[in-house]
Amino acid sequence: MQRIGVFVCHCGTNIAGTVDVKAVAEALKFEPGVVVSTDYQYMCSQAGQEMIKEAIIENKLTGIVVCSCSPRMHEATFRKTAAAAGLNPYMVEIANIREQCSWVHKDIPTGTEKAIILGKAAIAKVNLNAPLTPGESPVTKRALVIGGGIAGIQTALDIADAGFPVDIVETKPTIGGKMAQLDKTFPTLDCAACILTPKMVDVATNDKIRIFSYSEVSEVNGFVGNFDVTIKRRARYVKEDICTGCGLCTEKCPQKKVPNEFNLNMDNRRAIYIPFAQAVPKVATIDPESCTMLKTGKCGVCSKVCTVGAIDYNAKDEFITEKYGAIVVATGFNPISMDKFDEYAYSQSKDVITSLELERLMNAAGPTGGTLLRPSDGEHPHTIVFVQCVGSRCDSCAEKGKEYCSKICCMYTAKHAMLIRDKYPDTDVYVFYIDVRTPGKNFDEFYRRAVEEYGVHYIKGMVGKVSPEGGKLKVRASDLIDGKQLNIDADLVVLAAAIEPDKSARPLATMLTASMDTNDFFTEAHPKLRPVESPTAGVYLSGTCQGPKDIPETVSQAGAAASMVIALLCKDKLTGNPCVAHSDEMMCNGCSTCEKVCPYGAITYIDKEFRMPDRTTKVRRVAQVNEAVCQGCGACTVACMSGAMDLKGFTNKQIFAEVDAICK
Amino acid sequence: MQEITRDVLVNKASELMSAGTVDRVLGWMRGEFDYDITPAVFSTEEELKNNFVWNDFCGANFSKYLIRETQKSENKVLVFLKPCDTYSFNQLLTEHRFDREKVYAVGIPCNGMVDMTEIKKANEAIKAIEESGDSIVVKTLYDGDVTLDRADVLLERCKNCKSKKHVAYDELIGDDGEIIESARFDEVAKLEKMTADERYAFWQNELSRCIRCNACRDICPACTCEKCVFDNPNSGVENKAPADSFEEKMFHIIRAFHVAGRCTDCGECSRVCPQGIPLHLLNRKFISDINEFYGEYQAGSEVGNRAPIVNYTTEDLEPGEAVGRGGIDA
Amino acid sequence: MQMNEYKPLIVAFCCNWCSYAGADLAGNNRLSYPADVKIIRVPCSCRVNPMFILRAFQKGADGVIICGCHPGDCHYTSGNYYTRRRMALLFSMLEFLGIERERTRVEWVSAAEGAKFAETMNDFAETVAALGENKRLEDLRCKK
Amino acid sequence: MRKISLDKLDLLFSEIAKSAKLYLPVDTDNGAKYDVWEDGKKLSDALNTVRSAKDFFFPQTENLMDFKMSGKNIEIIDTRSECEDFVVFGVRACDVKSFEILDRVFLADPVDTFYKNRREHGVIISMACNKPAETCFCKTFGIDASEPCGDIATWKTDDALFLDAKTEKGEKLLSALEKITEAAKDADAEPQKALIKERLARLPLAELETSAFGNGKTNELFNAPEWKDLSESCLGCGTCTFVCPTCQCYDIKDFNTGNGVKRFRCWDSCMYSEFTRMAHGNNRLSQLERFRQRFMHKLVYYPTNNDGLFSCVGCGRCINKCPINMNIVKVMKKLGGKKNG
Amino acid sequence: MQNKKELQKEQILRMSGVNPRKCMRCGKCSGTCPSYDEMEYHPHQFVYMVETGDLEPLMNSDSLYKCLSCFACVDRCPRNVEPAKLIEALRLTVIREKGKNHLKSDDIPALLDDEMPQQAIVSAMRKYSK
């Protein structure tokens, strides 16, 4: 039997104005288990708390009920009070007689009657409370960052800066991501490489950071603080630790006709290649799809020219398993395929390009060496048409495109238009837009400069059709403001393709049990207040995997994710919320129903041997809750028909007791 | 009358036993009369030859017995499954209730099973029952022979058979049938069209007869809890006998809710109820609601299916929209 | 107010993150609703077991309402979606058994919707009061 | 002996109902059941009721007392109301015999006052079985369905009902019915009795016998290997127990109504896994043990403690109602050796 | 009571199944329309004016018959607004008013010549044979 103390708070007149607190304390004296019941002006005050502490010690209380304001207000306070007096903090229940009683009811008899009932319910519950201890689990002080773009790089650097080891897993042979492919960045127009490559070097030289390039995550087990991750290191046929990145092999390789994905296939690379000059790690990679040696066994040129003997044609995929305390997802984005947008003639003309392709065409390290030339004939384009919102903001029923705004297109198009006008003032630049969206520091100013200083023609309206004709691109568009249909003979058409999450995100989300929205963007734990955490504890989100973002935003989120990770890794042990689900193995029949409704993947099954009453043993499948992962929602408790799954702190019996007390 | 004979099954079982595929057989054992058939485990060909039966009274669904039976030995057990039994079989596999590797399942065709309660309603003191084609001849002690149309005395679940197709088996005897467009929801729809008062009166009358013998639960292949919440003194809802009409409702509502999405509509609950309560209607109500709200779903049609009640979409209908639909009045 | 002064007893299960906070906000804003509404705090609306609802009716409640976060806003991401399915099926079943459909309700109330909480409770209490005492899911032993 | 013509049955019932509540078997969609007689209710022709007549004296649930708490005080309230007189008409010989079996349990010291109270207020009018069913085996337990006991025994022929008082209570009631009944000779009912006797002899289970069971057979039967096969298919439900006229186990439970606690008893079944759960757990852990308990109790333990009286009356209800068709007949045949082979 | 204009608008929306509110005014329909220059009101204006209920000018305009029903606007609209269906509905509304048919289907053969693409003939029949 519990020994319960009841403490009724006046809250000045907040409660006492509508509730006869003395009568409440008096009425609750005779409830089962109650040994002391008293009232006080302000329970939450220092003196009030002292009173509770003394009562706990003096009466050897095993549980207390505080009839006061909402538990959302002072539950934590009174739990600390109880703990200070040596009582388990989870032996405290609050009867909310302020927000849900005195403040909403007018007359004293009504308020008093209800307060008594609420008090009885709390007493009924506390009678069934059990001391709870938050579970503890150790924290592996290492973080994994999945994706080596600017988001991943920034997150990794920030975490490493705090002294924790970080591994980056990147599917490409080099880190750098999309930003490495960009030419300049808005709104300051500094060169992407100039600001990115130093960070890449920082990553490479930071002894806290390991880079697993040309690798992917193949399995994730465990939970916050204790993830076991298997990383598949794809065979690159070049020994990473030996290769010096001299590049000789990439010059001598006879297979010259491999489309260069870094330049978006606008030029070619060799079968052995280093994606770009500042690649990190600067190590060659053999593309097994194109390598003659690997395909036919004849060639071996690279091996012959390699002075350090780094080539290894027999390399195999390797799997390594590592423990991590936290995982940051930074899988980034890709422009969507333009295949479904026939009206823009993307597949018909080389001169219809996406904005990312334009970045490469304008980049000094790009296929044209930085001179803007038409991909079809290498001529200088004089009329350039930019089309906005290609595949963004589409109707959900439309088969092509995405419903959301891709967010970055307005700004990079302004940047492109401005750069072109700056470098080639003889060029006419038209931008067809639906809306120009420039919320961001110095963004609108930047856009206005494109219009006002650089004379870019911004036309409200959309391009309806692009038809290649006689070496030109006939662009038919409407000018909504002028009420005209325009026909422009363009030399180059640039499509602001919508962006979408990388294809690797979906299977990764499944492995991480992190949730995704219908567009395959990772869902954040709370859209406003927890924007960098996934709902799965220990998994954080960085960059465009969570939604379209520009670089400054990505970097901010990367830093925020890093700080969340650091805050986690700083702890030696994680203490969880003790109000978690618990499976009674004797009752559990292992049916897997609870597992299906758990949003956190906190439930696993084991085959457990039970000693039967007749001294035989029986192996049964039973559910186990990982208390470090469970967040205590209780979905499983209702899914469980045998009642084996219960929620500590909100057990079936406790809630029944509350119902009973209220319905008395 | 069933289309295959007992001898076909006995031979199949003997063959599988002597081949060492299985070392025992879950089958129907003859009783004192023609109709009181008991599920049994046969472990010798002799027993099979003497006591195995297969006739119009072999309603028992063996799926649930497999939970206990597969734990007894490492060897395989042979089980004969009628089409509707295979759904329970799959559902139990979905819930990891027995090891598939320890079972050799032989699917057998079924022409529907006869409801002895129905026969006994009109005929007392039954000496013998003979099956011939579409008729049943009931030989009574005092009133001579009565010939009944077999179709009239089938079990409710067989009158409204939902599938002659086996969804699980290692081996099939005879040809597999088809899934049938049955009228099994008609009775539910009829009740839905009544007024709330009529429905209340209907269920009050039906459920008030409940004696809480738990036969419905204990025969149910979906009720496989280690310990039912209604038996568990620590569950907070344990009770033994209905001391108030509320408890009858509580038990049956919660039981139906617990099997919602898992009930294959095998009809055993109604078959065994000693008080003749049409318990299957509660389960069918859930099934028809699930079909209507969340798309057609047949529990047990495939192993590993995720029941709609442990699933969701962001566009589901609101509970307020689930009530007061169509024929259901205020 | 009813002429006969009959006051229905209403049990409200409120999820900790949205609706319980919404109820607190109603209090902060002094928005009154009948004292016959008694709130039970649960972590999430998906914690509400149909057995709790029936138990409340057994012990004399006249109406039971479950409040949770709006769909899509669940603190636990999916809890209220399960609530929605479970309660849709349960309520439909109760109706099938002839129990007045107005006695049970699910309402989504966010932490910002103090006014909605009070309105909902006023409306629900009025609806239940109009139905009168719960006779169809009562346990005679529990009558006073 | 008295007699009344069958077309005057309603008159008989209304006459009885004047002084006491009259229950009789009536037909429903789900077989016959005992119901309170009122004008228009017809006596069922069914051989027997689905549920047994024990409910009249030992109902499925019965309130024992109430507790009320106020402050720290507990008040105990006797909730027993004086039971009114009642008459049960049409009880078959087997069910009548079951009362004797229950009496030995409930009326032995310490007397169960709840049972005794109901017993004292009840009058049993039995009726001979004109058409015993294939599932009947009352003869096995020495019951003669043509000569039922009770306070008044009755025989129904094609045109008349013969009534014969067997006890003081019965005589009192029968004499009160003298106005509407006419005198008859004992011999008048003889042809009917003979017909019934002849029918009983021809029943399929007529040869079932009990010599393998009874007083002192515990050691012989307890470890019989047959229990395993017999109990294999048992679901552990309580159907047999709850339709059985002689099963008398109950559980006592408290129910908190919110205004106090009701202590009540309700039927329990030894087939249930929670039966007689004690601090150390359950004493019969497997279904085999539970199954064996039920039949050993009926066929061995009870007779051992009650002068050889078996606690089965052969009514056949379990044969009809067991979901998997396992029953005491099969048990007796399997364990009874050659005789019952 | 709704006035005639509102009724007419509702009827047009129902006939066409178009929800003009989905339009985000990008003008792609007009940018793509091959009859743009012939038209007084352009596809995006149709959508906008129907939404605002400004039906009269549209129904009195020849633009109705300048639409080729080529469905380019329908195909390219990113919001699935389907302007051509809206125009078709407006046209039908006019045609249904007695004697308002722009051309009789019998008149069509006389207007045909060898140059005319088959698609135009089909769409003319579609428009005028009602």
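List of remarks:
We call the chains A, B, C, D and E, going by the order they appear; numbering starts again at 1 in every chain.
Quick note on the criterion: a residue touches a chain if its C-beta (ideal position, glycine included) is under 8 Å from a C-beta of that chain, and two chains touch if they have at least 3 such contacts.
Nothing here was measured: the structure is a model prediction, and the numbers come from that model.
The chains in contact with subunit A and with subunit E alike: there are none. Traced through touching neighbours, the fewest hops from subunit D to subunit E number 2. Taking the mean Cα position of each chain as its centre, D sits at the greatest distance from subunit A.
Each chain's centre was taken as the mean of its CA atoms, and the one lying most distant from subunit E is D. Centre-to-centre separation of subunit B and subunit C, using mean CA positions: 36 Å.
One inter-chain figure worth recording: subunit C and subunit E are separated by 52 Å, centre to centre, where each centre is the mean of the chain's CA atoms. Per-chain Cα centroids separate subunit A from subunit B by 48 Å.
Shared interface positions of subunit D, defined as residues touching 2 or more other chains, are 255, 258-259.
Residues of subunit B found to touch two or more other chains are 227, 229, 236-237, 243, 309-311.
In subunit E, no residue touches two or more other chains.
Pairwise, the chains that make contact are A-B, A-C, A-D, A-E, B-C, B-D, C-D.
Against subunit D, in their complex, subunit A makes its touches with residues 30, 612-614, 660, 663-664. In the complex of the two chains, the subunit C residues touching subunit B come out as 50-51, 54-55, 57-58, 71-72, 78, 81-82, 84-101, 104-106, 136-141. Interface residues of subunit A, counted against subunit E in their complex, comprise 343, 389, 391, 393-395, 397-398, 401, 432, 434-435, 460-465, 476-480, 483, 485-486.
Against subunit C, in their complex, subunit A makes its touches with residues 70-73, 96, 98-101, 103-106, 110-111, 113-114, 117-118, 121, 515, 523, 526, 535, 579, 597, 599, 631-635, 637-639, 647, 650, 652, 655-656, 658-660, 662-664. Taken together, the subunit B residues at the contact with subunit D in this complex read 31-33, 35-41, 60, 65, 120-121, 124-127, 141-142, 209, 211-215, 217-219, 227, 231, 233, 239-243, 268, 271-272, 274-276.
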